[in-house]
Amino acid sequence: MSATEITTAAGTASAVTPRGAKPKSAFAPRNIMLYGTLIVFSIYYLLPLYVMLVTSLKDMAEIRVGNVFSPPVEITFQPWVKAWSEACTGINCDGLSRGFWNSVRILIPSLILSVSVAALTGYVLACWRFRGSEVFFGILLLGAFIPYQVLLYPLVIILREMGLFGSLWGLVLVHTIFAMPINVLLFRNYFVALPEELFKAARVDGAGFWGIFFRIVIPMSLPIFVVSGIIQVTGIWNDFLFGVVYTRPENYPMTVQLNNIVNSVQGVKEYNVNMAATLLTGLVPLVVYFFSGRLFVRGIAAGAVKG
Amino acid sequence: MSRARSGGARARPPIRLFRNFSSKLAAIPMVLVGLGVFVGGTIWTIVHSFTDSRLLPRLRWVGFDQYERLWSTRRWLVSIENLAVYGIVSLVLTMCLGFLLAALLDRKIRYEDTFRTIFLYPFALSFIVTGLVWQWILNPEFGIQSIVRGLGISGFNFDPLYNPDLVIIGLLIAGLWQGTGLIMVIMLAGLRGIDEDIWKACRVDGIPVWKTYVVVIIPMMKPVFVTALVLVTSGIVKLYDLVVAMTSGGPGISSEVPAKYVYDTLFTRQNLGQGFAASTMMLVTVAIILIPWAYMQFREKRQ
Amino acid sequence: MENSIEIKELKLAFGAVTVLEDLNLRVGQGEFLVLLGSSGCGKSTLLNCIAGLLDVTDGEIHIQGRNVTWEEPSQRGIGMVFQSYALYPQMTVEGNLSFGLKNARVPKDEIATRIARAAAVLQIEPLLKRKPGALSGGQRQRVAIGRALVRDVDVFLFDEPLSNLDAKLRADLRVEIKRLHQTLKNTMIYVTHDQVEAMTLADRIAIMKGGQIMQLAPPSEIYNRPVNKYVAGFIGSPAMNFMEGQLEAAAQSFDTGRGLSFSVQGYEFVGAPTSGPVWLGLRPEHIQSGRWADGQPVQLEALVDMVEPMGSDTQVWATVNGQELRFRMDGQEPVAIGDRMPIGFDPARLSLFDKKTENRL
Amino acid sequence: MKKTLALLASTSLISVGSAAFAVDLEVTHWWTSGGEAAAVAEFARLFNENTEHNWVDGAIAGSGGTARPIMIGRITGGDPMGATQFNHGRQAEELVEAGLMLDLTDLAEAEGWRDFVNPTSLLDSCTLDGRIYCVPINIHSWQWLWLSHKAYEDAGVPVPTNWDEFVAAAPALEEAGKIPLAMGGQPWQSNGAFGVMAIALAGIEAWEAVHIDQNAEVAAGPEYARVFEAAAQARAFSARSNVQDWNQATNLVITGQAGGQIMGDWAQGEFQVAGLVAGEDYSCLPGLGVNEIISTGGDAFYFPKVNNPEVEAAQLELASLMISQEAQVAFNLKKGSLPVRGDIDLAAANDCMQKGLEILATGAILPDANQTFSPDTQGQIEDLMVEFWNDPNFSAEEAQRLYVEIIASAD
C-alpha cells in the first residue's frame, strides 16, 4: 500500500519538475572537456609557430642561454633583415630576396597553367566522356602514387628532348604534370556533381564545348578553383626538389635558398636567422590560408567528398 | 531561324574522332601526361631496372641482379620496415586525429574558424620547414628535454631524433603536425554533409553521441574516408623531404625510407639500375595496395 | 510536311546494354504527345535522343521534315524544359532567356522583343532582373519554359517539368501548359510518370516499357482499350482489378476455377474469341454497388474487408467468392467492414488478356 | 703575376682569339661553409679581374651528395653549366665517356701541366684514354686528427701526440664533461673517419690490398679487425656529440667542448675563420700521429661541352686560371687545402699546412677512396659505417663481416 503511494508521489513529482539534465551552461563538464581538448591540440599546432617567431626575434647570445620557449628579452629584427637580404650561400650574399622574386615568377605561370589544365581535363572527364576517357583518368590517379623520384630521370629526358630543360617553362611544365592527378580528381568530382540538366540546357541553347566551359561551368565553380588554387600555391611555393633539379641557379626558388641558408653553416648555426628565413619562406602560403580558409573548407566539401 | 542556317543537314554519322572535336583536343594534355609521363616513365624505369646502368642509362641486361642485391641490402630492409611502421601508425593516427578534431569542431562550438585555422595552417608549410622547426624543438640541448629538465626533473629524457629506437616517433610528431589539418577539413566537410535528421533520429532513439559516431556516422562517411585514405597513403609512399630535413636518415640508418634510398642510389651513388630496381619495388607495393581497391571501386560502379 | 517529328528504327545501346530498340514514332504537326512510363522505361532517353543530347546507335530522327540525326541540339529547332529547371544560376532571368539567342547571334532588338513577348505570356515580367536563386519553384519553371519559348521553335520538349513542384503548383502549371499549347499550337513532347498529367494534357499518349512503346493512342482509348495487361495496370487509379481464370469461347463465359464464374457477353473481342487461360481486368470505378448494382448484366455479392473513405467517394476492398476486388462507391453511402452487398458491372467495359502473351483479346 | 699573365696570353692563343667577348660563366660547386666560401670567392675575384668574363656563382648547399645529382641532371639534361666541381676520381667517369665534357688536353699540353702538377696521380685521375678532362685544383687529405688545447687544459692532461695517447686521455676528458671525439652524424663523416683509422692502424699494405686490389681476405684479416675494434672505441668516445654537420663538430673542438675530431684538412679553414692559431690553440696530427701519410683526394673542375666557341674560350681561360700559381696560392690558403703545384712557395701557410706539404714532398701519399672505389661501393660502405657508428650494439665483428661482403663485390 505504502509502496503504491511512494510510486504515485514520485510520479507526481516527475510530472511537476521536468526530467533529464538541464540545458548545459557554458561551464558544464562536457563543454570544459570539449574546449579543453581543442585547446590542448591548439597548443601542439601553435607551438612550432610560436617557437619560430620567438627565436627569430632573439639574438644569438640569448638563444644560447635561454630555452626555445622563453619570449625574447630584447626584440631584434636583425635576423629578419639578415635572412631577407644578407645571408650568404657560397659567395652570394643577398639572402632570400632573390629567391622570393624567382618563386613569384615560377608560381604565377605554374599556378595558371596547372589549374587551367586540371580544370579543363576535369571538365572533359565529367561532361564529355569519350571511349577510353575513364582509362586515362585511372592512369592519372595511379600517377598520384608514383614517387617523384621514379619520374625525375625520365622527365629530364623528356624536357631535354623538348628543349625546355633548365628553363622556367620546363619547371612550369613539371609543376603542371605533377599537379594533374589530384587536381583533376578535384575538378572532375566537382563538375560531376553539377546538375547534368544544366549542361543539356546549355547545349540546346547552342553553347558548344568552350561556351559551356566558360559561360556556364566556370562561373559556378569558384569554390573548387579556390581549393585547387590553394593546393597549388602551397605545392609550388614549397617545392624544393623540382626547383633545384629542373632550373638553373638564376631561377632557383626561395626554398632552395632557404635550404642553402639553413645548410650553409658558417661557424655557429644561426638559429634566429634560420627561423626568420623559414617564416619568410612560409609567409605566402600562410597568408593565402588565413584569408581563404573558409572558402577552402567549402570547396573541399563540394569537390573532394562526393563521388 | 536556326533551320535556315543549316540547310544541308548531315544525315550520316560523322567520324567518331571528329565528333566533339574540341573535347578531344582538350583531352590531349591528359593523354600526353598519362601515357607519356606516367606510363612511359614507369615502363622506362622498369626496363632499366634490369640493366647495370650507372651514371647514365644504358641497356646492358643483368637480369634480376639488381633486385637480388636490393633485397640483401640492410639499408633497404630497414627503409621498408620504417615505412611500414611509419605508414601504418601515421595512417591510423592521421585518420583518428583528423576525425576527432573534425568531430570536435562539428559540435557547434564557438570560435570554430579560429580553431580550424590553427589546425590547418601547418599544411601551408613545406616539409622542409616542418622538419627544421621540429628538429629545433626536439633538440635535447635547447628544446623540450632541456625545458623539462630545467623544471627540476633532471632524469627526463626525450631526444627522439638522437635515439634510433625513438626516431620514428620524432618523424611522426612532425608528420602528423603537418598533415592532420587537411584530413580534418575533409572529415569536417563530410560531417557537414550528413543529414541533420540522422542526428535527430539518434537522439530520439537515445543513442549516446560517441555511439552515434561509431555506429551511424562513420559508416555513412565511407567515401570521405576513401578520399582521405588516398591522400594520406599517396603522401606516405612519397615520404622523403621530412626525413631529409629532420634526420637525413639518421641516427645511423634508423630513419631511412625507400624514397630516400631511391634518390640516393640514383643520384648520389650513381647507380641508376639499383635505384630503378628500388623504385620498381615501390611501384609494385603501391600496385598491390591500389589494385584491389580500384577493382572494388570498379565493381561497385557496375552494380 | 505532315509529321512534325518522325523517328525511324531508332536504336540506342551503351556497350552491351540496349536501351532503345527499333523504335518508330510519328508525331503530327501541333500534336501534344506524352511519353508515359515508370522510371527506367526509356522515355527520358528517347526525349534526349530527339533533342540530340544522346548520340543514337542506329536509325533516323526527322524534325519538320529534316533529317537531324546528327545535328547539334541547338540546330534541331527544338526548345527543352527540364525537371530541375536547369537555370544558369549566375545569370539573371533575362540572361537565362537570352543565352541561347546570343549564341545563335540573333540581333539585340530581336532578342528584346522575344523576351518581352515570352515574359508577357508567362507573366514573369517583374522577375527579369532577378537571379534564379531568388525565385520560387513555380517561378523557376516558368522561366525555364520561357527559355524554350523565346527560341521560337516548332517543337517543345518537356522532361518531367512538374515533378519537382508540390501538388498544388503542379496542378496550376499543368493547366498553364495546356493553355500554352492551345495558344501556340506547337508540337510538344512531354515526358512524365504521372498518369494524371498524361491524361489531362495529351492528344496522344505513348506508354513505354523496357525501351519499347507499348501503346500509342489517345487517352480515352488507352483508358478504355488498353492493348495489354501492363498498360491496363499502369493507367487508372486505383489500379485495375485482375482475375485469373478460364475463358470459354463458345459460351462467352469466364470462370476463376475457385467458385466464381460469370458471362462476358457484350465484350468486344479484338479477333475471334478462343478458349483458354486469361487475365480479366475490371476497373474499380466500373463496378456498381448497392442499389446501383441492379440492372447490371453481371451481378455478384461482395464481402467488405476494408474501407478507405476519401470524402467524395469511398474505396472498398472486398472478396467475391474468394476473389479480391476493389471498387468505388459514393462517399455518402454507409458501409462497414463485414457488410455484404450486391455488386454488378457491364462486360462491355471489361478487358481480357491472353494469359501467356498478356495481349488484349 | 707575370707568369700568370703569360699563361693567360698563351691560353687566348689557343682559344681562337675570341677572348675579348665577355661571357657569363656559371660555376657550380658545393662550397658553402665559411672557409670554403672565402676560398671560392678568390677564384671568382681573380676570374672577374683578370678576364673579360663574369663568374656566376652557382653554389648548392648541403654536401656533394645534394649537389652532384643536380649537376649531373643539368649536364645530361642538356643545360650544362660553364664549369662544375667534382671530387677527383670516378664521379664524372661516365659523363666523360659519354662525351659530355670538354677536352682540356691541348691547353694542358701547352701549359705543361704534367710538369708541375704534384703528385701527377692527380692528373691521371683526370685522364681518360690519354685525354685530360679536368683541372685538379687542390689536394685534400682525410688523415688528420684535430685537437683542442683548451679541452685538454681543462681536463688537466697533456695534448696527445698520437692515437694511443688520445685513447688514454679520453677518460680524463669524459670526467671533465667533455666529449672526447666530436663526430657529425652525416654518413660520409663516419665513413671518412673509418678510412683514416684504416690507413693509420691497419697499415698501408693492408689498405692498398683492400682498396686497390679489392682483396676481401685482407679485409677479413687481423689488421682490419684491429681497425674495427678501434672504431668501436671511437664510437663510444663520440656518443654524446649530437651534431649533424661536420663544421658543427669542428665547432665543438674550436670551443673546447670536445677533445678532438677526425676530419680532413678542410677543417683547417674553420679554425682559421675562428681566429685560432695552429700549434697554440689547436694542433693537428696527420695519420693520427701513427702513420704519417696522406691521401690525395681533392676537388677538380670539369667543363661541360656547350658547343659555343665563345663560352668554350671562356671555359679554357677559367681552367687555365684555376691552375695558375696565383689562384692556387690564394685559393688554397683560404681553403686550408694543399696546392696541386709543386712549384709554388707557400710560406704563408700555417703549421698544419706545412706539415702536409712536407709529407707531400716525401711522397708518402695514397690515392683517395673516391679514386679507388665507385660511388656505388662508397655508398654501400657509407651505409654500413653510419649504421655501425650510431648503434652501440653493432659489434665490430659483425661490421667487419659485412664490410668484407661489400669489398668482395666491389667494382
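Going in written order, the chains are labelled A, B, C and D, and every chain counts its residues from 1.
By our rule, a contact is a pair of C-beta atoms (placed from the backbone, for glycine too) under 8 Å apart; a residue touches a chain by one contact, two chains touch by 3 or more.
All of these numbers come straight from a predicted model, not from anything done at the bench.
Number of steps on the shortest path from chain C to chain D, with steps defined by chain touch: 2.
With chains reduced to the mean position of their C-alpha atoms, the one farthest from chain D is C. Separating the CA-averaged centres of chain A and chain D is a span of 42 Å. One finds 14 Å separating the Cα centroids of chain A and chain B. We define each chain's centre as the mean of its Cα atoms; on that basis chain A and chain C are separated by 53 Å.
Listed for chain B are residues 2, 139, 263, 266, each touching two or more other chains.
Residues of chain D in contact with at least two other chains: 69, 73, 76. Each of residues 74-75, 104 in chain C touches at least two other chains.
If you check the complex, the residues on chain A that touch chain B are 34-35, 37-38, 41-42, 44-49, 51-52, 55, 63, 67-69, 117, 120-121, 123-125, 128, 130-131, 133, 136-140, 142-155, 157-158, 176-177, 180, 182, 184, 206, 208-210, 234, 237-241, 255, 258-259, 262, 271, 274-275, 278, 281-282, 285-286, 288-290, 293-294, 296-297, 300-301, 304-307.
Against chain A, the residues of chain D that register as touching in their complex are 26, 28-29, 31-34, 37, 40-41, 44, 56-62, 66, 69-70, 73-74, 76-79, 81, 245, 247-248, 251, 270, 273-274. Put simply, chain A touches chain C in their complex at residues 195, 197-198, 200-208, 211, 215-216, 219-220. Put simply, chain A touches chain D in their complex at residues 88-92, 152, 156, 159-160, 163, 165-167, 244-246, 248-250, 256, 259-269. Listing the residues of chain B that touch chain D in their complex gives 54-56, 73-75, 139-141, 159, 162, 164, 248-254, 263-271, 274.
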